[in-house]
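Have a look at these structures, which come just after this line.
One chain, chain A, appears in both complexes that follow, with chain B as partner in the first and chain C in the second.
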Partner chain A sequence: MTMEPEIVVSLNGVSKTFRDFWLRPTVVAVDALSLGVRRGEVFGLLGPNGSGKSTTIKMILGLLSPSAGEVRLFGLGPRSVAARRRLGYLPELSYLHPFLTAAETLRYYAGLCSLPRREASRRTRELLAMVGLEEVANRPVGGFSKGMARRVALASALVGRPELLVLDEPTSGLDPISTKEVKTLVKALARGGMTVLTTSHMLADAEDICDRVMILNHGKSVAEGRVAELGTSLEEFFLAKVGDVQDFALAPFLKG
Partner chain B sequence: MKPYVSITLATALEVASSPLSLLVMLAAMALEVFAPVFHYHQFGDPTRMARDAALSALFTCGAVFAVFGAIRAVRREIETGTQEMALAHAVARGGFFLAKAAGVAVAFAVFAAAVSGTAVTMFTGAAIGGAIAEQTAQLARVYGPCVAAGVAAIVLPLVLAAALNRFFRFRFVLTAFFIAAGVSVAGGAVSAALSGGDCLRLVPAVVLVACPALVLLSAAAAFAVRFRANAAAALCGVVLAAMLPAMDVYYRAESLSRGGSIPLGDVALAFAAALPAVAGFLIFGIHFSLNRE
Partner chain C sequence: MMAFFDIFQLELRALSRSWSLAMLSAASAAWMLAVPRLVVGDGTAEGMREVCLRYGLGGVMALVTISMLAAATGSLARERAAKRLQLTMVRPVRYFMIAAAKIAALASAGAAVLALACALAPFAAGTAAEGRRCVHVLHPVMPSPAEEAKAMYAEYMKSPDTPEAVKKARRSTVLRILETRAWDRYETVRTNSTARWRFRFDGVEAPRSGEVLARFRFSNVNNARQDVAGELRLGSLSAVVSNLTQAVLVFPLADRGGDAGEEGVLTFRNDGKDALMMRPRRDVELLVPADSFVWNLLRSWAEMAAVVTLVVAFGVFLSAALGRPVALFTAIVFLLVSEMSPSVVEQYPDEFGATLSDRIGLMVARTVADATHPVSSLSPLERLSRDECVEPREVVRAVAINVVALPILLAILAAFILPRKQEE
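After this line comes the complex of A and B, so read on.
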């Protein structure tokens, strides 16, 4: 008898409605979404811009409160400090302090993960080597290119050796070589047992790295399953499911 | 505790790295150096002029430093998204806000130390110079070296920081900020030693005048969580206006720099007046942080 893998992230009927100053609903970003991410898998949230991927991620991280439903992270509430101690997060845009150098940035995030000073220095060197930024370790990140900043942000997400890595559009703004490097890295981390939750509007990313995916459109789940189960090509499946939607930003791009 | 210490130190570094912080600190020092000279030519009483210039510089420039430092530190985190990165770690929202406010307070303490150092130097220079001037009636000769030293304390850090930036890639603003503070504090220590410690009576006066700046700092940090920078600054103006009728509490500092024993009761009164306001604004800030999306 095989044991079911632990559910690391679970969403149960989660909705998020943004409201204006007078509390009138303006946008339903996520609508009755349920999902479960199992330990050790790479789970992809796919969908066009504005489909609710980043809002879902922010609710999982406790940065936004759901209007309805329940989010659990390692069985705890998403605002629980104990739960967030076990995750690493790469946001869609590489938010970094421009006045800190690359090494200082990693040491800062090592501090947020409560790593001891010696361990923080060792981990900083290790990660800068891993993302190929040893040469510029002492330069302020404010002067970095988008790709370099992305690599620093990715290293920051990994500094605390998280059990769950949450990646919001990890290849956003990267050139093809850097994109391939990031995908290789994510696959290596997953092989090492790390659970990865990633979002993307690039289907090729999901096909390459995800075990299971959920396709979102207008805040709702359109389909969910293993990449292999969703048809011969995820792209064809994607178009078949949501390609008829006129305002779907990705469809013309895929067809064209 | 370690995450909050990291946030505090990074915030202090952030405030010290801001060109505005360096500019305000150097402006305060320049005000302390030059204001007593012009005043003395008209009114006399050099030590009083030096002291008043120092306290005025600390209050006006300190308020600007505290308000804009706090608003920039808190608001930038929210607007650029670095707050999201931090809050995705094992960091409580309220703790994050308090650590940010503490970081600004640390940078403000360095600013206040620099202003105090220059104040002590100018106070000592004024006392020595005043005594000599009374005997010789040659004011310019007495004040010349003192002002030259003050100008050097302002210009030297900029030159040194530029050299360190050119040859060793040190960050110019950050380096200049800490060298200026270091030079000023060292100058104050030398002056205190020369004067036998009399001028150190000015230090508690400086601490006293720093109290309203701390109230403004906590108010600015709290407002910046909820409102945009311009609105937060405007609300700080309202807080300042509300504090003005009670400013005599802080300006009891004058009694500290007179002779005799230091009236610690006045210091305690100033702290008692400032603490509830600081605590109140920090509680508001935590509340805003917890409810912010």
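After this line comes the complex of A and C, so read on.
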């Protein structure tokens, strides 16, 4: 399967064990995971908190090295500059440089993608308009609300016109209207030929945008399939695979 | 390559928008202007000038080194802790460029603050800088102490006066002892005899009457400074030496007629009552005119900036591997040890009679002193304050090693570590 040319991201038996200072294993965050993301599809990586979604994404990006198995990005090692040239990444939280303005942030990342100055300025304007931040373009992002920061981060993921967009919970911190806008945007980008790999807890959102999903639990893949072929809603499918809500132990508090 | 400038700019923006750079500049300027008012000199304008250059610029140098080290140890570590670094690392940028751009940015900031302090130096010193010239300090042409040590080795080991313990020691230890001795080897000039030292005047003006000075530190056999009398000669120039009691004596050589001596050879005829002793490698110097004070100040700035660059590169390297507090602590300890080790090494050339722990200490000090030699050997301020020339070839060497070679090496190492250091 990894040999097929249209596979953009491939994981082959990938595991990640986090270790403490004395190198004793603390958590097996990802366990013998194999997956392939095909060119042009929107692939959803779903799973409860702590199931290893972000860890998987960081290995795909070369930010973490797998303890076992192999990760290929465009058929290359994830740390190769050539692979990184074709990549856009929106992290779980926005992690912006607080002292830069929105426009400077985008221009900085445009520069890292080797966009020429003129083009970088044009792209910055274009993207700020797209995420609706033109009016605050020259304010330091340190003062932005969570949702505004999220938009800046999303715009900077798109600045280098990536072929593969990796989104870690793209809608976290966004209001319902913005969520809808982001979903519309992702769908439009996918129609334009971009490959998208996204994680989400929002099953309804994932159902709207994903072509294919994989459900993780405790670092293992528990199910994989095309959304259109599930036969039930994604939520029912998810709950059936991951097990029902593990109730919070609220009862003692409520009684008291 | 464009990414280099973007990261460079980002780092400078971080410094300037947090006001760190402004505060550092203000503190440096204030220190330069305050030092002449705070420090009590010996009352002379010359003394004040020395205070300004040594303590004023020296203080700014210390301030800039520590501040830039703090910034450098935070550069990668803090961005990693704030998880911002990953956003740069997933872009098509070589990890080497990330480290190199940060080193370049912090080094430039440090160099700029030093430049400001240097620009204030002539004002703070109060005395006019224009027209002031510095001098080249020339030493007699002799084999280097290391060469001399090698030449003496066989004979020294055979000599019955050599202690048995030394004879059993390793060759490198014995050579080190002999090298220290060569530095301090005294030459005796008996009454009515003449000592000669050859000098080479490559790349400096030929000695002219009234412009060339001889600088001596004499002692007699009892190591007291007294009753010095005699005559100095260099080609057709000469000077009379008589009954001076200062530690360091400077004599202008002038055309005073008489027989011309050998070209390029300085002679001293001892006409006094006592035999005199001096260490030719330390106590005999010729001073010939060099360029202006301003050029010398500029070269001193370049040397100091080179030191700051290397310190910054070291800090950035540490911050690729370690968290901020650990990196800063490590860097400061290393800096202190490297400050101290040259004097330790000088004071304890051998380890005879030392306990095991002293031996280990000496070994560490010696290793650090060797490793940090390119930095610690640069101390231009003392020479600047004495109007001695900071030689251009020394500056070129400092730039090649401290600004180019070592920072590139450290950036390569940082680039190797960067992706392997997993985020916490």
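Going forward, the second predicted complex is superposed on the first by the 238 of 256 C-alpha atoms of A that agree within 3 Å, B and C clash if a C-alpha of one lies under 4 Å from a C-alpha of the other, contacts with A are read in each partner's own complex, and residues count from 1 in each chain.
Just so we're on the same page, a residue touches a chain if its C-beta (ideal position, glycine included) is under 8 Å from a C-beta of that chain, and two chains touch if they have at least 3 such contacts.
Quantities reported herein were computed from a predicted structural model and do not represent experimental measurements.
*Asks:* Given the superposition on chain A, are chain B and chain C in a clash or a fit?
*Replies:* clash
*Asks:* Between chain B and chain C, whom does A:Cys113 touch in the aligned arrangement: first, second, both, or neither?
*Replies:* both
*Asks:* Is A:Leu93 contacted by the first partner chain B, the second partner chain C, both or neither?
*Replies:* Both: A:Leu93 reaches chain B and chain C.
*Asks:* Between chain B (first) and chain C (second), which does A:Leu76 come into contact with in this model arrangement: first, second, both, or neither?
*Replies:* neither
*Asks:* A:Gly62 in the overlay: touching chain B, chain C, both, or neither? Say first, second, both or neither.
*Replies:* It touches chain B and chain C both.
*Asks:* Who does A:Gly160 touch here: chain B (first), chain C (second), both, or neither?
*Replies:* Both partners, chain B and chain C.
*Asks:* Between chain B (first) and chain C (second), which, if any, makes contact with A:Asn138: first, second, both or neither?
*Replies:* In the superposed model, A:Asn138 contacts chain B only, not chain C.
*Asks:* In the superposed arrangement, which partner chain does A:Val222 touch: chain B (first), chain C (second), both, or neither?
*Replies:* neither
*Asks:* Superposition on A: which chain C stretch among 205-213, 277-285, 295-303 or 349-357 collides with chain B?
*Replies:* So the stretch of chain C that bumps into chain B is 295-303.
*Asks:* Considering only the contact definition stated at the top, list the common interface residues of chain A for chain B and chain C.
*Replies:* Touching chain B in the first complex and chain C in the second, residues 58, 61-65, 79, 81-82, 84-85, 87, 89, 91, 93, 95-97, 99-100, 108-109, 111-114, 156, 160 of chain A appear in both lists.
*Asks:* Give every residue of chain C touching chain A within the complex, in rising order.
*Replies:* 2-3, 5-7, 9-10, 13-14, 17-18, 82-84, 86-94, 419-420, 422-423
*Asks:* What does chain B use to touch chain A in their complex?
*Replies:* Touching chain A: residues 2-3, 5-7, 9-10, 13-14, 17, 80-82, 84-93, 169, 171, 174, 293 of chain B.
*Asks:* Applying the document's contact rule, which stretches of chain A touch chain C when the two form their complex?
*Replies:* 58, 61-65, 79, 81-82, 84-85, 87, 89, 91, 93, 95-97, 99-100, 104, 107-109, 111-114, 116, 156, 160
*Asks:* In their complex, what parts of chain A are in touch with chain B?
*Replies:* Answer in residue numbers: 58, 61-65, 79, 81-82, 84-85, 87-89, 91, 93, 95-97, 99-100, 108-109, 111-114, 138-140, 153, 156, 160, 166.
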